[in-house]
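As written, the chains take the letters A, B, C and D, and residue 1 is the first residue of each chain.
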Amino acid sequence: MKRYLVTFLILAGASLLLPAQRKTINLPDLPGFVTLKCDFHMHTVFSDGNVWPTVRVAEAYRDGLDAIAITDHIEYQPKKDYIPTDHNAAWKIAGNAAREGNIILVHGAEITRDMPPGHLNALFITDANALVKDSVYDAIEAAVKQGAFIHWNHPGWKSQEPDGIPKLYGIHKRLLSNGWIHGIEFFNDSEYYPNILEWCREYKLAVLANSDEHGIISESYPAHRPMNLVFARERTPESLKEALFAGRTLVWFDNTLAGKVEYARPFFYQCISIGKRFYETGKNYYFEITNKSDIPFYLVNGPKGAPSSITIPANASARVVLSKSFSGTLAYDVKNILTGTGEVLNVEIRY
Amino acid sequence: MKRYLVTFLILAGASLLLPAQRKTINLPDLPGFVTLKCDFHMHTVFSDGNVWPTVRVAEAYRDGLDAIAITDHIEYQPKKDYIPTDHNAAWKIAGNAAREGNIILVHGAEITRDMPPGHLNALFITDANALVKDSVYDAIEAAVKQGAFIHWNHPGWKSQEPDGIPKLYGIHKRLLSNGWIHGIEFFNDSEYYPNILEWCREYKLAVLANSDEHGIISESYPAHRPMNLVFARERTPESLKEALFAGRTLVWFDNTLAGKVEYARPFFYQCISIGKRFYETGKNYYFEITNKSDIPFYLVNGPKGAPSSITIPANASARVVLSKSFSGTLAYDVKNILTGTGEVLNVEIRY
Amino acid sequence: MKRYLVTFLILAGASLLLPAQRKTINLPDLPGFVTLKCDFHMHTVFSDGNVWPTVRVAEAYRDGLDAIAITDHIEYQPKKDYIPTDHNAAWKIAGNAAREGNIILVHGAEITRDMPPGHLNALFITDANALVKDSVYDAIEAAVKQGAFIHWNHPGWKSQEPDGIPKLYGIHKRLLSNGWIHGIEFFNDSEYYPNILEWCREYKLAVLANSDEHGIISESYPAHRPMNLVFARERTPESLKEALFAGRTLVWFDNTLAGKVEYARPFFYQCISIGKRFYETGKNYYFEITNKSDIPFYLVNGPKGAPSSITIPANASARVVLSKSFSGTLAYDVKNILTGTGEVLNVEIRY
Amino acid sequence: MKRYLVTFLILAGASLLLPAQRKTINLPDLPGFVTLKCDFHMHTVFSDGNVWPTVRVAEAYRDGLDAIAITDHIEYQPKKDYIPTDHNAAWKIAGNAAREGNIILVHGAEITRDMPPGHLNALFITDANALVKDSVYDAIEAAVKQGAFIHWNHPGWKSQEPDGIPKLYGIHKRLLSNGWIHGIEFFNDSEYYPNILEWCREYKLAVLANSDEHGIISESYPAHRPMNLVFARERTPESLKEALFAGRTLVWFDNTLAGKVEYARPFFYQCISIGKRFYETGKNYYFEITNKSDIPFYLVNGPKGAPSSITIPANASARVVLSKSFSGTLAYDVKNILTGTGEVLNVEIRY
């Protein structure tokens, strides 16, 4: 599509930077909190990404996100022959589009080192150029001094951990004991790392999910990108930051939800409602479970005498036919809500 | 897919007749009423349709409808060499699936005559075989005696009205003066008849929309079928019937809503919500209009100094950039809500 | 959609029974043969299916098939309270649509018994009513006397073989030794039975794939139904029958092709073409493999020093970057062409 | 998706710049010529586009194109605060991806002026920086000296021609009389300009269609971009250039084909084949027309006594039912092949 000179034609106030509409992501709030949908890890032409920074805001706006961070690599600048390095450039360029689109734009950068410690994102920084340091320890300290939220990216990335399993090295333990790591990615791109859920519980870290997009979001993720659900008191940058440091998150990608059980359980119950019995035969009762969210739920391992599994698609209802002779508790494992290594959420359907 | 003998394997209570889940049609209620989504005109192998009656229930269940009627032709029985005529057969066969799926199954039939008066559906009947009469007048009277809701089908169908424009013939006026017509189809299949909105106002009739499906709903209507939105006090057959006789309906097809202004206006306002100003520049305010329904809205003919048009897609928000110098009323025509011949709903956006 | 009385309006020659167009299934012929795309196992309201017979012809026409059989159950007539049994009815009803759509309509029926022997289709029969016999042996004999091609349906169907693995029982061996079984289904609905490939080789039987559709093809199989590829000398009923008795088939479903290696190998080579080297660097040659068919091919287990895998999507090309130091044979397993239990086709890419 | 450091892992020869496969655009050649699918008008971050130059090659490769030009604005450099101006940068950066993907990368630039003369692309140039001139006339002359093919872009763009209708101004006539304009865009983005077909005939110019993409091709054009079909003797840059100067093109967008009748007619006949009569009744013959291309054809205004219209979808067949009493010529207008202002191609179906 052509854009040149369009500025001279547009009516008062219209923006060229953003689409005119954004979709609603249909996910419930938790009582007392608003659910912010966020992606904190993306690249642009200011490191090894392939798009201009405003594209990241436009994609997020169209897709219904509340907050994003652009986190170009500090130490990897493959386009520098054509684009002079300024680690704050993407942040400066994207700001106006974010304001016009009501997107919370978090100032970020990716500290990009060999494993250990691998790659870490610094969010809520004030000057990315101050993170240029020889030592990774010094770079992280510089971010911490700016009040940054630091999270460890793709801890089991096969380019750095050939077996795909995240490991806590000495430097990670030192950073954790300093209080310099505040979150870990569970989903990154198409990978996920179940064993980090234990560390997030032990060290009180935020469980995170990010796209790590270098190209085009709509091409990489036709359905939806990996997404953080952050339970903030308000839809403000300050509340977002407080919620992240407090670890109030779940993560969602590709029909799987993951995180701490204290957020996963109430979130599930906010998503579903259980209808009244609408019909009965001599043998059975009939009722419906309705899922008001964009996430399907797969209930498995049902109790003896009840349906062994129930699938409740996104924005749909499942019909449950229950034997009148069943008198137990309708308890199920939700196969696609992960709460630990090999652990899924257990729920009870109160019909 | 194969089904034979599956009955011997299934666990207690599961039904073979219906899918296990149904989608949610995302449309609001009106205050004091529940919005029932209905299709009252469909055919099966018991006249000139191509499917077994349970298919109609399964389609409606999957698609999230609340109520349907199967209305096979009384006077047209092209399959009678293979299927003996019983005008109540489809109703009897479909009943169990409807009960299991919590679908309100309205007993119906289509009185099928040359124009005038053309085709009329009788709903809420008790015996379709009693509608077999030489005279169309007698057939309608027989339905009325059963307490039927009578509606005139595809009044401008080109097979019967070559110019496509519905006309009130003498027999229609006589039926109306008897109180024997209670509704008229605005949408039928892919046709629509705007001028009937005036008659519905004048004679206090229900505005209706039906699929008239003979084949497969999912093939004829990849998005959604023509649909009645009936504003009933409760989700019961009795309330549905009361609401139809009271004419409390809107109709929806293919991104167009139509009906009486007294239902169209509050329905529109139930669909949208207007957000607070989230940003301002020296010249402009920014706010969002959110559409919580499955129907997009196309606002046009905006006032001078304001955006001339605003599109609010289904389940999405539109960003409005309003000049600070604008001080009038934000009034728009909603291009896709028809309230009369050449008339659309006018709304005001209170920002 | 409404159809009634349309007959009085249509111009000379147009048919109401069929869509006006059909898609092309893009699959090559084998030298000396034409590839007929066929489904020989479907049901209608004349047994436990849910559609009128003409629907089966219309679906096949739209989807680009060459030949079909409607094979209603002889022994299972659940709709007989409404539809009197006539085992030839579907064949008679569907004939005109098949002639108008240039679809070869094979007269068939399904002999429907407990396992063993389970269900068997009789194709190319002349009178299905003659297959009504107490003994399954007598029923099959009656079909054989009509010149029927007999094939064993879903031999590992879990309703009849709980472990899902087909087994040759005594009666099957007797039928085989009589020459009364001429084919076995490899794909049926969403199931498949790899071990039957050995029996097809040993007993010189046709490998078959059928939809066994009872409902709506487009809803059961959004991409394409299980399909027989029959390599016939001409596109005639006689050539089709000859090819089936000669066992010249492959079967295709859901991106998997299966059958005898003598047909699978030349078919693969008919699908692909290998381009010239279009570029080279100091280290590598570049060339393309083009797939002119609707079936993707997944080449795996490449030789040392060459790409370990190559994916060639349907109607697309794959770019191969080959080291100049590679001097061996470019041999691959085609992961999605099955030629036996645990066996896939091995091919050589001659670049 | 993440890319950093992946270079250390990949096997010999694999490229990070391009997808591994490309789709086939299914369009026939003309006798003696190969049909090259081309887009000669796209932007990157080196003017007002939003992507890195390699993205343009990757998009074209994936979509099955043969040749592209990146044509950043010479006179409009809105990102120059961050990216120093080098009008040859995109060409240099994209070269390696183009070689690896067998894409013909044409060196180009867009001379960007007020109307008249508006915007003109210079293709097959050797140094875009030499086109920086105060006078547009001098800029075009500089391109011509490099052997450039010059084409006039979006001649009726409403930003420059408020009524949307292209006009030949004095400077255009002067450039034409110099032989300095060699083509005009018929399609640009979602606009098209039918009256330029006359000028292309009169001045022997190439009829062209380009995306003018600034953002993401897959988002702007979910089906396919506006595309030049260039009839070249070989698939080489030299043959492409020769064919363009000779005006051997058709253009395709959104189910519409346009261009000179001498190319449109044989192209249509290469796309279709007419089958034998496969059936007849007392009154009618039946035969099929098969369309082997990705372009549907809409035949209208049929002769009296024959079908008034025939739709032949892409990669599909249409069934024709012809009265035996018809004895004339089966001549149709192809509604979606434009050959002039208000003119469409007339074809004859030889059955």
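Worth a mention:
Just so it is clear, a contact is a pair of C-beta atoms (placed from the backbone, for glycine too) under 8 Å apart; a residue touches a chain by one contact, two chains touch by 3 or more.
Please read these numbers as outputs of a predicted model, since none were measured by experiment.
Contact with both subunit C and subunit D is made by no chain of the assembly. Relative to subunit D, the chain whose mean Cα position lies farthest away is B.
One inter-chain figure worth recording: subunit B and subunit D are separated by 44 Å, centre to centre, where each centre is the mean of the chain's CA atoms. Taking the mean of the C-alpha atoms as each chain's centre, subunit B and subunit C sit 41 Å apart.
Under the touch rule stated earlier, the contacting chain pairs are A-B, A-D, B-C, C-D. Interface residues of subunit B facing subunit C in the complex, by the touch rule stated above, are 1-6, 8-9, 45, 48-52, 54-55, 73, 76, 79, 82-84, 86, 89, 93, 112, 119, 154, 157, 159-160, 188-190, 212-216, 218-220.
By the touch criterion stated above, subunit A contacts subunit B in their complex at residues 11-15, 18, 20-24, 26, 64, 99-102, 278-279, 283-284, 286, 288, 290, 292, 305, 307-308, 311-313, 315-319, 321-323.
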